[in-house]
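Multiple structures are listed underneath, in structure tokens.
Shared between the two complexes below is chain A, which has chain B as its partner in the first and chain C in the second.
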Partner chain A sequence: MNNVIAQLWPEIALFVTTCLVMVVGLSKDRGTRKLCAPISAIGIIVAGYLAATTSVDTATTLPFMAKYGKVLAAGVGLLLLMLMAGTADRQLEDAVDRGEKFEPLRSTRAEFYAFFLFSLMGLMLCAGASDLIFLFLALELTSLPTYVMVALSTRRDRSMEAGVKYFFLGAMGAAMFLFGFALIYGATGSTALADVAYTIQNRAAGTGSIGPLALTGLVLSLLGVMFKIAAVPMHFYTADVYQGAASSVTAFLAFVPKCAGFFAIMLLVGCAGWAFGPDGYGSGTALPPELRILLWTIAVLTMTVGNVLALLQTSVKRILAYSSIAHSGYMLVGVIAGPGPAESTLASNGLAAVLFYLLTYGVMSVGTFSVVAALERRRRATAADAAIDEVDHIDELRGLWKRQPHLAAVMVICALGLLGLPPLLGFLGKLPLFTSALGAGEIVLVVILGLNSAIAAAYYLRLVSVPFLESGEPSTPDAVVPTPFPSRALAGVVAAVLVVVAGLAGGTLGSHAERAGTFRFPTKTMEATRHASQPTSTVSVPPDAAERGPNAR
Partner chain B sequence: MPTAPITLAATDLSSYLPILILVGMAVTFGVFNVVASNLLGPSRTGKVKEKTYESGMDTIGSAHKRFNVRFYIIAMVFLVFDIEIIFLYPWAVTFPNIDQSTPDALLWLGRILFFVFTTVVAYVYGVRKGVFRFD
Partner chain C sequence: MNTLFCTLAQSGWPEPMPTGTLFHYLVISAAMFVIGLIGFVTRRNLIIMFLCTELMFQAAGLSLIAFSRFHLNHTGETFVIFVLTVAAAEAALALALVVLLFRRKESLDAERWAELRG
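Moving on to the complex of A and B:
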């Protein structure tokens, strides 16, 4: 029991922070209410520190992913928190400034930050999941708060609409992967991921295939988790939800559920293993043929649909939404490539490539969304807050280089990074995906990946060039001004600096991802470690209580 | 962990027969009453018989009344604290069996106090939100 708690210290730290934030956010005093964000920041930093120093290796096929995943969640989570300033309760606080009384019933700040931290907690739990039920709870804890965050993000109808769409489709996806988990349990007799992996791969070694029930379970679970990463055919919610939510919440959606989804996908696909070849189990380094075909089709469709549909968009948030779909497709290539031969480096370990790509993609997407979040559209005539709206159309970014050069620089660097231009971080992230897929023999997939990266250049270069264009005839009569929340621009600047600096010196980050992606083939000893780590009850019972029963005193 | 497919033990279904008979009796009783009163009873309708019943008088107002959302909120709050009670039951049944002189007992108490603390946080949140204001 104590060992289970030992794995959860980062999440416990986040949970205590959540409890604090929920109460502090409703205080009568304005200054105390504003402490929500700093308290959350301290909580995330403490959780990240605890994750880096006290992580326990999980008893799954990916034992070192927990520590990397939790530290990743804390790091990018801190950047996302900086973006969240002013998203909740902006109009309410302006009303309080004008002299109205603070209405805790109408306020959403406490809930907003609490859900932010809950979702981050769910992401950390996902990284450390060692059991199907644990994984399901962690995935749900990651997504349910995001449904509410989307609905609460602005006071306009479109964020409520986005929230409703996201909730219903997300619930359907969750039902699908829960059914898949139930079938996997039926096929293997256990919910512990180590036992599931051992049973399935043992059966595959004996009979040559993983069996129809396990296959059905895995396919259903993967399809359900595909909703989280916005892969085709579960991508339809992405554009509307990303556009309807406030930009800071969209940045959150573009990273956290995707991260959680990929942790889950790697854990689930690891149950089937990458040891199949033309002669069945043990003769190659590929996925089981049925799973491989499914993931191959999904990856190709996802990349292509994401990139092609992004070309047609005029809204910046929709462009970034479809680009995030495309990036999910790229990462699925890494999942198909698999961990490669034993003792493989970042260049040949597809799983490590995916984990590293999650880091690079997270930082760059925070950068691009921060530019959109740091600007707002204000009616030139009045300064009333009712006329403040988000910046969304790509033409509203024109002339940004003259007005806010730092934001234009952030957009240029992060968009070029997402494109994969060397020597930025995006290139360092994409290269291992290419090499690991090549090493696994997936030539056609690599060609399609390259073609899609080229197609993506069209809209990324559009995002890069628009800030330099003249504003010319203003497409709207409103003025595009920076928001009064400097932390949003700061998040973008930090992200852009990381993209450049880590791109030049990204060796250590890569080596962490390399260790995190180590795939341990399921063995009997993995079970033994798991069973041994759960000590038998050490609680001492008085000798006569057993005879007399609990009620006798 | 077994490597062969799982086989279910054969269950003796004959012990479920009384339940089947009981269910059959309940369904038959219900169906028979409705069908018999349809066939055997008189069938006289009229304008007054078709009206909505309100203690024998003419109806006042519409039946679609709005009622305050506080009832729904109280039900939600009840659910939260009910789940807490459910988690308290097994702890309460097991805790007296622990030897109180060891540090284990303090650890067990500490754990449940942390759980109760989370409920207190939920309660404070509810109070500030006005959930318990019932005017």
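Moving on to the complex of A and C:
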């Protein structure tokens, strides 16, 4: 128990920050109100520092993922926080500038930053989850605040609509993975992930399959979590919600729930283990056949549907939404490939590849969304607030190179990074996915992944070229101008620099991901287990199989 | 009063129910889950849709309790307490969102909210 609390200092730091922000954001004094963002930033930095310095070894099959995940959440969270500037309470603050009285009741700034931090905290907890109850609460803590953030992000009807859509589908997804968790608990008699993994794999070693109840539970919970990563059967909301929310919040949605979903998927799939082969458990390095088929189908559909639909869009945010769906599909390839042989490197460990890809995707998507967030459309005729709108249509980026060359450069670098062009970070992230899947013998999947990357080039190159085109007819009443929040553009510039620099020197980041993806076979000693009654007789894993792991071909 | 209940309980009244097995609980829970899912997909009233998700949550809770009894440990019951808490938080959020929507359009019909399509 002490051990668990010792690992939670980053979250505790974030929680203290959240409490502070909630009070500070309601202050009468404008200067004090503005402190919300700096305080949040300090909290995130402290949490990241605490996460980086504590040694973590959670009692799961992925013991080192927690540390990596928490530092990743803090790092990308900081970039996202820079994007959030000015999202909450913009009209209210403008009204205060014009001399109106500040009304705390109408202010949403405090809640907005608090929910941002809560969601980030949920993501960190997800990375360190060692129990199904823990995982359920962490996933809910990640997603519940995002529903409110979407609904609050602009004063328009479409944000509200997006928030409600997101909430209802999210609640359905949550109910699905909760039911799955209940069945997993029923099949194993425990909610501790270590025990669940041990029981399931022990049974598989005896009977050859993981059992119908555990299988149903895993399938249901995976389908529920697919909602979080926007994979195909549960992707319908994505484009609408991404378009309806303010661009800064959209960047948040594209990273935080997706990241939490992948942590959960890896922990859940890790319970079944990658040790199945043609002769049942222990004879190969694949997932149980049923789960493999499920994930394989979802991965292929997700990539293809995401990329093909992205081709048809004219709204930048919808293009990026479908591209985010496609990237979920790419990452599922790493989950299917699994940890590979023992002592595996980043190139052969699919889980490490996914964790590394989450980092690269996070940075690159923040970069692309920051370009949209740093611009706004303003009617020339009036100076009223209502005439300010988000940049959405792709043609609104025309001529960006002439007006804001730094934003155009960010768009070019990050879109090329998402495409996976060699010297950039995206290439470095995609390469281990290919090699690990090849190592696992998933040739067809690798071919489909390659084809999809080629399809994706069509719309990414469109995003790259649009800033260089001549702007449209000058008679339009709207002008696309930069927002008065320089930190949004700064976030984009930082992300773009990271994409280039980390792409050239990504070795150290890769080695962290490599360690984080270490898969440990469940043993009875991982956590003191006390529950007894198992529904079926358990057969112990042969000691050599437990030691040598899945590569015992 | 206490003795009265004791007597009633010992005299066999009310008739003792045949105890349900794990199977019965699982069937009911699965039925609740499926009804909730179907309702969620087919109904268009926001409140009803929310009730359907609640039904799905409670279905999971029911099977958790049944499994908890089956395995003779308290983990499942502990889980249910957390589930109820989360469900309450979700209910608060859902009703707040629905009230906001209703103020804008005076309708609870999900079909009337279709600005985002494509």
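What we mean here is this: the second predicted complex is superposed on the first by the 521 of 553 C-alpha atoms of A that agree within 3 Å, B and C clash if a C-alpha of one lies under 4 Å from a C-alpha of the other, contacts with A are read in each partner's own complex, and residues count from 1 in each chain.
In the analysis below, a contact is a pair of C-beta atoms (placed from the backbone, for glycine too) under 8 Å apart; a residue touches a chain by one contact, two chains touch by 3 or more.
Being a predicted model, the structure only gives us computed values, none of them experimental.
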item	value
Which of chain B and chain C A:Gly244 touches, first, second, both or neither	second
First, second, both or neither for A:Ala110, with chain B first and chain C second	first
Partner chain(s) touched by A:Gly206 [first = chain B, second = chain C, both, neither]	first
Of chain C and chain B, partner touching more chain A residues	C
First, second, both or neither for A:Val164, with chain B first and chain C second	second
Which of chain B and chain C A:Ser315 touches, first, second, both or neither	second
Which of chain B and chain C A:Gln404 touches, first, second, both or neither	neither
First, second, both or neither for A:Ser190, with chain B first and chain C second	both
Footprint overlap on chain A, comparing chain B with chain C	186, 189-190
In the complex with chain B, residue positions of chain A that touch it	15, 19, 22-23, 26-27, 104-105, 110, 186, 189-190, 195, 198-199, 202-203, 206, 527, 538-542, 545, 550, 553
Interfacial residue positions of chain C with respect to chain A in the complex	26, 29, 33, 36-37, 40, 46, 49-50, 53, 56-57, 59-61, 63-64, 66-67, 70-73, 75-76, 78-79, 82-83, 86, 89-90, 93-94, 97-98, 100-101, 104, 113-118
Residue numbers on chain A that touch chain C, as the complex places them	132-133, 136-137, 140, 144, 147-148, 151, 157-158, 160-165, 167-168, 171-172, 174-176, 178-179, 181-183, 185-186, 189-191, 239-241, 243-244, 313, 315, 318, 531, 533, 535
Complex contact set, residues of chain B against chain A	1-3, 6, 93-94, 96-99, 102, 104, 108, 117-118, 121, 124-125, 128-130
